[in-house]
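There are structures below to look over.
Paired with chain B in one complex and with chain C in the other, chain A is shared by the two complexes that follow.
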Partner chain A sequence: MNYLTQAIQWITDPANAAGANGVWARMAEHFLYTVVAVAVAALVAVPLGYLVGHTRRGRGVVVVTSGAARALPTLGVLTLAGLVLGIGLAAPMLALVLLAFPSILAGAYAGVEAIDPVTVDSARGLGLSGWQVLTRVEIPLGLPLLIGGIRSAFLQVVATATLAAYVGAGGLGRFLFLGLKTQDYPQMLAASLLVVALAVAFDIAFESVEWLVRRVVPSGRREASA
Partner chain B sequence: MIEFRSVGKTYPDGTIAVADFSLIAPSGRTTVLVGSSGCGKTTLLRMVNRMVSPTSGSVWIDDLDVATTDPVALRRRIGYVMQNAGLLPHRKVIDNIATVPRLTGVSKAAAHVRALELMDLVGLDRAMAGRYPGQLSGGQQQRVGVARGLAADPNILLMDEPFGAVDPIVRAELQQELLRLQRELHKTILFITHDISEALLLGDQIVILRRGADIAQAGSGLEIIARPADEFVAEFVGLGGERQLDIRRVGDVEIVLDGSGRPLGQVSARS
Partner chain C sequence: MVTTVKRLLLALVALGTLAACSSTAPLGSTPMASAPTGTTTPATTLVIGSQAYYSNEIIAELYAQALEAKGLTVSRQYQIGQRETYLPDLAAGKIDVMPEYSGNLLQYYDKSTTATSPADVTAALAAVLPSGLRPLTAAAATDQDSYNVTADFAQQYGLSSLADLTKAPGPIKVAANSEFEKRPYGPQGLKKFYGVEVTVVPVEDSGGPLTVKALKDGTVQAADIYSADPSIGANKFVTLSDPKNMILPQNVVPIVSSKVDASAAAIIESVNAKLDTASLVALNQRSVTEQATSAVIAKAWLTEAGLLG
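== the complex of A and B ==
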């Protein structure tokens, strides 16, 4: 309990808030790392997932590789990448992108795969081209599962982005590793609380996005009222 | 005119859905395919718009082998009413109906006006235009499917059990609507049903199928009822059952009785 009050004192201490090494700056870095890593992963994983879902080809390859990617120990990847790429941001970004990749890929192709085949068949029967089936049927109907995948990617990455500081980059991990070195446990706890707060903020944001999507794109199931 | 020339379809799993089928569906007429479940009706229908490619033979529309056409363009000019409505769940009723006109470049406003007219035609309240398919009953969804099939005003209509899920009263209304439409517009219609009464009502030509899309008999309703080709057809159309009628003289009138002796009506006096 004592640590907790000290941690909160540490967070609310104006001396820790400002400056390039302050809470706000580190929080912004942490936020940025997370967003960039997820965005880069999504840039590749979303088209790939939709391609696999649309063509129904290469599903086995995707399942195996994304399963393997999930099993990679992120700390190991980070160390290895750090050895190759050196100290700085490149190695942790690579590790975070790899971490985000499987969830997004799975969300994208599962979203397409879960669509009732009758729906896709009828769209083709009406005369939609393959591209129109993808953009007007599969992408909108697959959106809820894709967003779910991106959401879980965000949560994994926001927690793991603390490791960036392990190879000399910024983010909230700085306080964690500093606290570890100087045995400043309240500071470590404070850093963890900030990461948790960021994660919760992301989750709330996604909850609202999912709510919105459910309004705009009805799932096709019977709904309660007109 | 739609012509099936010795078409066959064996699905990849080895199922022979259609063995060897030849038929001409004349222009401006309604051809009805009837037969029990799994006899290959849907498979035949889907060969016309290339949703299924035959493993042998060819399908022709007038002088055009459909296998040589662009499937997307082909499908846009053929109205297709699917067996289970197959509506797009994320689009409102009105947008479902307007799908094909929108694809072919009709403005949204014009397509919507037309969609509302079609809703009247199939007996759907215009208030449902803004609903999603998931908020409709099965019968209502089917009517949306029929309206969608008519939306682009195609010359050819493929209708796969379009009235299967509606109640008998609405079904009778829709059948009359189709007859009226056909008297005015003379579409070439391929119509699938399980219901021999529906076939007799709507079909200029009726094709009774056995497993493997083997034609048991093809002809007008009159021909089939007058001269069923064999036991199978007689059984299928209900001769020997409810369609085996009797005439009995009561005083100076003749009345018609059904297969179990219930009176159906009088024979009109010919003067």
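== the complex of A and C ==
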């Protein structure tokens, strides 16, 4: 309990707030790294997931490789990448993109795959082209699962982005490592609380988006029976 | 009915298996639990610990084999993380011998210490250790923070000591663990003792491959690498000397419990008497380049030093 009050004091202490190594700057870095990593991962994973979901080809390969990618220890990836790319942002970014990739990919193809085949067939029966089936039926109906995948990617990345500080790239991990190495546990706890706060903020944002999507996008089943 | 009997049999088998499991230690050894607590058998077993740091394990193994050669029984409990993890066990008498580093250990117990010379640090250490623990005579070997630059950089600006850093164009970036920023021998110390301004680029692998890479790449101009790290020699880095004793000395010092009697202490100290920094670098070198185990490395060195006879 004592640590907790000290941690909150640490966060609210104006001396820790400002400057290049202040809470706000580190929080902004952390937020930015998370968004960029997930965005870059999504840029590749979403089209690939749609391709797999739409054509139903290569699913086995994708499932196995993305499953294996999930098991990669991020610190290991970061160290290996760092040995090639040097210190700085490049290595942790690569590691975070790899971390975000499987969830988003799974969300994209599972979203398409989960649609009732009858819905897709009737869309084809109406004379829609493959592209039209994808853009008008599969993508909209698969949206909730895709967003779920992106949401879990965000949560993983926001927690793991603390590793950026391992190679001097800043973020909230800076306080975490410094606290750990100097036995300044209130500072460590403060950093953890800030990461948790970011994660909760992301999650609330996604919850709202999902709620909106659920209202706008009808479920595949209802579409099928309509 | 038949299925009930079958199930019953199955349950019995399962129970039997569980019982068998619980009677053997899941991790091969349970040193914490089996460590003697007060009541000791005539042939005392000394528990030797080490940090989760390969070089520290080699030193622990040196002590272990030297003690065994003189007929003592030891139990090895290596790779126990950092000070926060093992110091409570040491204080509780669950570990009897622990190779330590004088300066950092002193600073762990006394953050405001002003001791800087090797002798002062070791003396101060005895006063801050929890009761029941004592330091033995420290080895000449040190494994301490050191500022390193590339040979090219050193030659270009004629650098050999920390004071020379003023000759290099700033701002000088130093790759080091993040805590380096708060240490007395970090940027504040450098400014105070040598009038040099540096900024720290935190790389958290304790002078490991990422730090070495950053220095080689020129991302940073200097790097904090432990002085016994073979990578300094392997990369022809130049360690800047510290004429004003700014950097806390880290002599290898065994911390022992009261179970280590005078004769056991003498054996450990006989190892320390021969352990200088060059030996430590050579020991580490074998671990890094040959991937040899601590047991093999320690045996070879002790044999050569005539400590196993």
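Criterion: the second predicted complex is superposed on the first by the 219 of 226 C-alpha atoms of A that agree within 3 Å, B and C clash if a C-alpha of one lies under 4 Å from a C-alpha of the other, contacts with A are read in each partner's own complex, and residues count from 1 in each chain.
By our rule, a residue touches a chain if its C-beta (ideal position, glycine included) is under 8 Å from a C-beta of that chain, and two chains touch if they have at least 3 such contacts.
Everything numeric here is computed off the predicted structure, so don't read it as measured data.
Contacts of A:G60 after superposition on the shared chain: neither chain B nor chain C is touched.
With both complexes superposed, B is the one of chain B and chain C in contact with more chain A residues.
By the document's definition of touching, of the two partners only chain C reaches A:F177; chain B does not. By the document's definition of touching, of the two partners only chain B reaches A:S129; chain C does not. In the superposed model, A:P14 lies in contact with neither chain B nor chain C. In the superposition on chain A, A:P117 makes contact with neither chain B nor chain C. No residue of chain A touches both chain B in one complex and chain C in the other.
Residues of chain B touching chain A in their complex: 46, 49, 51, 72-76, 80, 82, 84, 86-90, 99-100, 103, 131-135, 148.
On chain A, the positions that touch chain B within their shared complex are 116, 118-119, 121-129, 132, 137, 140-141, 217-223, 226. Residues 84, 108, 175, 177-179, 181-182, 201-205, 209-210, 213-214, 217, 219-220 of chain C touch chain A in their complex. If you check the complex, the residues on chain A that touch chain C are 79, 82-83, 86-88, 165-168, 174, 177-178, 181-183.
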